[in-house]
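Shared between the two complexes below is chain A, which has chain B as its partner in the first and chain C in the second.
== the complex of A and B ==
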């Protein structure tokens, strides 16, 4: 008999340990170096693999001669696209993934994989790479998003016809898609405006900058069974993708996720894992493949560079009466959804009668873009929140008050379609307005800025097991790998539901053979969705515990209640029965029906949207253009903070990445279309001394779609920093930067131009 | 690849002179090992000079300081007498790399790596430092500004090694300073830099000065016009403006991923002005 799905709505229950801050279970291993990351797996007889990459931004591959490399002593396999035949059955998206992993007749960006070798050691593999002769016919290239949209730009993918335009174009272009969102009458809105501000913005390409490079250990046997150990945000999705690309059966490829040294969206895509599997299959030996930092920059998935136009009209009383945006996002050499996501988020913070956002997803000769923490939202927010400050100034209004007046609220129709339930944008703005940071004095050359941000959040497919040990400890098995402390949060949830101490729960991330499918740890879904599945798996356990208690007492299960972590016999008739703890019941389990377990599988709907407002103080050196962030405060709605330390950690980490993006990080391409700075020396993520202590304030506006009210917290706070810093720089130095990063040469140039 | 670690500079020079393939000197290794790992160089011979006693000591004498070629940045930072006499040179050497790199990196290596952006070199040039060079044909002394001839190139002949770097005797009322511009606060390479060394007379006027700029030309530039602009002054606004203008005029930088021509030129003038003020204060000027 089919059971009805459990009710996932918010219940406002009282908590005993949710909201406390115990240490994370993976902490000791991580600080002592015992934790095993992607490159830490070894297998008997393993080979070392290396990838040969295109030195050209755009080229036809005329021939690849691997004979001399194959003959080199110690080389066990060489693969090219010939060894990765197209098995995608006309699925262009899958073929794009395959072609990105290994070029098929053309190199589409500097760093595109062309061939790979597996050899007995790294030195031999290095020698073998030099023996592979590739003949290229270099083609004209384009790396700038605006240039790529021009009529005469070199076409990167001749099969592309722009989608979302009517009639469907007959000619190929670099614009993969046009998408549009919004409502109301834009023209009437602008006609009613007392002030109108129009600005154009550019943001440069940035990389997630995770410290751990991509790494895997692949092993495929002659019987078609395989194993893959890999650093990933989603081993189940990697399994499905790799199996499909290699023609393997899903159940016969076991994928285990290692500990992860940062992902931020960049480890949601396969970049080289299918190549490692193909090498292993050909060599019949386990193959270890790790990227160098240079390869990570050139051939994994940074986020888009963009070019954005914003127009906002407002009436004298401070209401925005029209807002329109055109957004151009490059997705690298393959079609993406990044412009579309940017357009969906553009106006999400505001309650607007007339709004519109039009996005173009554009191809350029750069690596295929990937998700980066609230993908596409920071660039749109930079453009919008910078312009909002300008409109407020033109109206003579305080920028916080202006935002409060126009903020979205419960019942607002969002620019991307849905109508909001209870949301946090208004409360975060009120918190900012009342925060002591807003009133703190500023010194010479210092300025303060603030900005808002939005992210959708996501739920998705989730599957969780709980197994009770005979000693009363509990093993919680989840399929969402842990990027930021979720094992601690999920253990808290299991402990809360079962009424046992946190220390009695051990949370493990299962491999793909041990649990049903789980979507990626992305979209801030780990704690939201696995938390939901953990709640229901724990309640499933409680059902079993009540049955076992009933059996031990030889009474009807309906007379057994579960209260405060123990079975209680209800009614005067059973008043002689002492409560049984989870441990009491577990101890007897071998004789009362065997192992005690609970399970839940779900598609976690109801992810609540999330908003943040940030405040930032900067000091700009007027003689060098150098900017120092001297104070930073994050206010974000968490719905319910399960483990506040890791919620704050997410706020701080996201703000830190946003600060780096705002001030220094950028992909720099030369005239030759090659990446000039594929390393941490010249791709400047902030170091510790670049950042102030990032202050946080957690707001809790419950998400109606989760029993505890949880909202995802991992991404939203990377959205406001670009604009918050831009607004602060403007207030400190009297110049507005419409180009991110606001590097010292750009700021000094602006200061000199304003003199 | 052959690795040798002789205990005398003479033997080291002979090994290098004899080698027919690509030979490299290893001191701290913070440049060489990185380049080897990146596959940028593939040596046939590496001669480690750290076991040569003369390369390991900081020696103070009547004629000044002698700093061995294998002395690490961290060791210089811990030498109180050196730091007191030449704070600008020490702060420049201490800016190379991270704390971990400081434990290995050397000024002689920084010099021989011949990067236009080397942190210690402008400070050494401003200090009028000299390098003691040992080669197959004996010893010679070379002014630091004559060691580097272009990016990655030096005037050292085959088999020649820098054994130590000497700083002159410090006269009273002297001070030096080094400043660099980097987009981050550490772990970075100078976009441009300035080293200033000066001595005051009894009235507090600048008696003599040397101003050197880094990362604004193929080699470090000694800007005599900039020194002239402040000699005979107490660093009033006018003379500082003249110093900056002279520095800007001496710049011939490139546009690259680290900075633009305009930025490097303008900021080099700013840094020279700021470094001059610090050196002046250190010399006891008011």
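== the complex of A and C ==
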């Protein structure tokens, strides 16, 4: 295969419809209520399932008595960890997933599942939950990341020995991993500095806050075959994980991805689906399991809370000569990679001779942390970009000019290792500098801030099919779900390649039985990688079309070109042959060789990194500490915007999530280790009246690793808002907040302390 | 538990159902009447994904009991399009890319229609406050506000045109 793998390099082609804004093909379904999400599937004879969850932050489970629940009329199955035996063969990561779905002798956080029931209806299931008697021995708990690192802290996972330290520790600790990135000579760098700023920061835990709770419909028969309908960002990965955990064969578990009501990384993890399958297997009936909003907050992964130290040294001429960071990220009750990712992103925006970031991944008694849109980058950027403003102020420099002077560029060795190709940080900063927003006047109690952000982006395993119908319409089959208009962008790509109208393409998201493996729709990879596979699948189709045209004309295929959606016979000898459209060729396909199809399977490498710079104006009420965002501008590099509406939508949505994170959102734990605000009333995400219009400017610096130059666009713009708002608040109120969220009480406290 | 027999009107159709007295209107719509357009995002009236109208009043159907709609007129997103023709709000939502994942969209459409039914020319601020009970996590609301504004203007233009036509008649 390797020698026939297509060249994925960027080619500067003239586009006909890429970059236009047609209506999305799933639009009508979604505005009429017809689209079917996780909770919208029903099966004959389905049961309703509910999960019993630990009320304790940390406890030993002494016994679980399910007898009375099982005897209740209408209850068809009760499961505990006994029904989910460890089949992981020593794979601790898989066992962690299983243990998170259902506690195994220990409840590790408030909300940890301990048992589940399936009954004929919700009322009966609720009654059954009350009849399950669990005896706990409550253990000491810890929910703060810094507290969890202390020697006397309760140990959450006794098998954990810190990785990344030498020698390997003999004793268990809550530090799952230490990781380090950077280059140069930090000490020499700081020795050369004219100014040094050192600051410490904290960010609180936030949730992705997708409006659709987790939901699935599971059905397993006594023949070992099963089906799972589920809201997920990766049904192929869910299939593999669920099959492995339940001892099923991968091909015998068909997983269908429903429409997905938001994910933002939170639906890349299996939280409860194995439990639904286990209940279905035990009851021999389809089982529907949906989380309540409270369960979503208590038991599906939020992002880490963090504690970060930053030290930046610069010379009088405005160059950063040394930068170091120590980052402590909690991953909930299971080891994660969140600190490591934070450390990798810490200095990614800058061209630094001497830099270092050291991260600790820490366990606490909170739900397992999950990916949340550019996972781990916003917190590191909050710390770095706040400090950058302080250094600029100390140097008497404009913060934008200071950033431009130090920005990474093509050829810069990134702090996390690779050397950058063409990148967008410099251009986004120049765009900010020249943006009218920067010159707009400000009123009393108002301030302006800006900040930068970076995200890696990802490609991964991808597989796409194109089938041509006899009427010349085209069915595009992809394995990445449509969470924000990707059916539209992928249809545009197929239509562009085939030279046919956009309306002739129908994009379908296939179930696991109908297409090869696709990785999670994560890392902003949907349009990048499925787009790439679509390009090559379409070119595969064109090959077939040319062959069929050659056969119809009885000429050599080398004399057939594909131009503007039709086969054209080349050369004077064939000037008598009129072009054949895709529809002409398709109509004849039954007699010229059968179905016309193309496909592509790839590991889409070459995801281009993406940068954004944001400008934000806030007004801080000095009486209450309440902050209102009054103007907001996003500038981000998209590589190439396939469907600009949905690129803008990603920028705006990411910025809004960052604004919520910066100002309002946080997990509040009581002394008892229980989550106090598991609902949208007390965990307040931005509402329509909280926000202004969010202006966007799309830059297009082509990604050399994609034929169209596409970069992922979904995540980067959640990275800058925390610091952009922090910097704006500092300029508005004269106080710098090192603790996110900058809620009214925190800001008021800072204002009063400064008086 | 004995059920409550309810006769009501949903999107103009006479409907009867029997439900337990504690069952929400949202569960009735979704599980008994196969109207899945209203979504459960929170179950506590905080997200608006289950928005419907009862006798013209915008409500969270998760906070209304099925038994309460006896004799009432219930309106859901499924009743917005007339025949094959989308409501202007629906077509403007598509045109302005005002939805990403789409889970909140039915609730927003019902809430926006309730706004335009009582205020045909809302300001940006009025739109933002009228929709403040509906959570969207994908869009940052930018394109939603623009779509509602565009729909209001389109409806006003359409009304003027049909007004002129009827005058001519």
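The rule is short, and it goes like this: the second predicted complex is superposed on the first by the 752 of 755 C-alpha atoms of A that agree within 3 Å, B and C clash if a C-alpha of one lies under 4 Å from a C-alpha of the other, contacts with A are read in each partner's own complex, and residues count from 1 in each chain.
Convention: a residue touches a chain if its C-beta (ideal position, glycine included) is under 8 Å from a C-beta of that chain, and two chains touch if they have at least 3 such contacts.
Just so we're clear, the structure is a prediction, and the values are computed from it rather than from any experiment.
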Residues of chain A touched, compared between chain B and chain C (which is higher): C
Partner chain(s) touched by A:483 [first = chain B, second = chain C, both, neither]: second
Touching partner for A:664 - first (chain B), second (chain C), both, neither: first
Touched partner set for A:126, first chain B, second chain C, both or neither: first
Chain B versus chain C as contact partner of A:499, first or second or both or neither: neither
Partner chain(s) touched by A:30 [first = chain B, second = chain C, both, neither]: second
Partner chain in contact with A:745 - chain B first, chain C second, else both or neither: first
Which superposed partner A:689 touches (first chain B, second chain C, both, neither): both
Partner chain in contact with A:676 - chain B first, chain C second, else both or neither: first
Contacts of A:6 with chain B and chain C, given as first, second, both or neither: neither
Common ground on chain A, meaning residues reached by chain C in one complex and by chain B in the other: 681, 686-687, 689-690
Contacting residues of chain A [partner chain B, same complex]: 126, 623-626, 628, 663-664, 668, 676-677, 681-682, 684, 686-687, 689-690, 743-745, 748-749, 752
For the chain C and chain A complex, residues of the former touching the latter: 1, 20, 30, 35-44, 46-47, 49, 76-78, 80-81, 86, 90-91, 93-97, 99-106, 109, 125, 127-129, 131-146
In the complex, chain A residues that touch chain C: 21, 23-24, 26-28, 30-37, 39-40, 123, 208-213, 259-264, 290, 292-293, 483-485, 645-646, 648-649, 652-653, 655-657, 679-681, 685-691, 693-694
Residues of chain B that touch chain A when the two form their complex: 39, 181, 183-189, 191, 256-260, 262-263, 266-267, 270
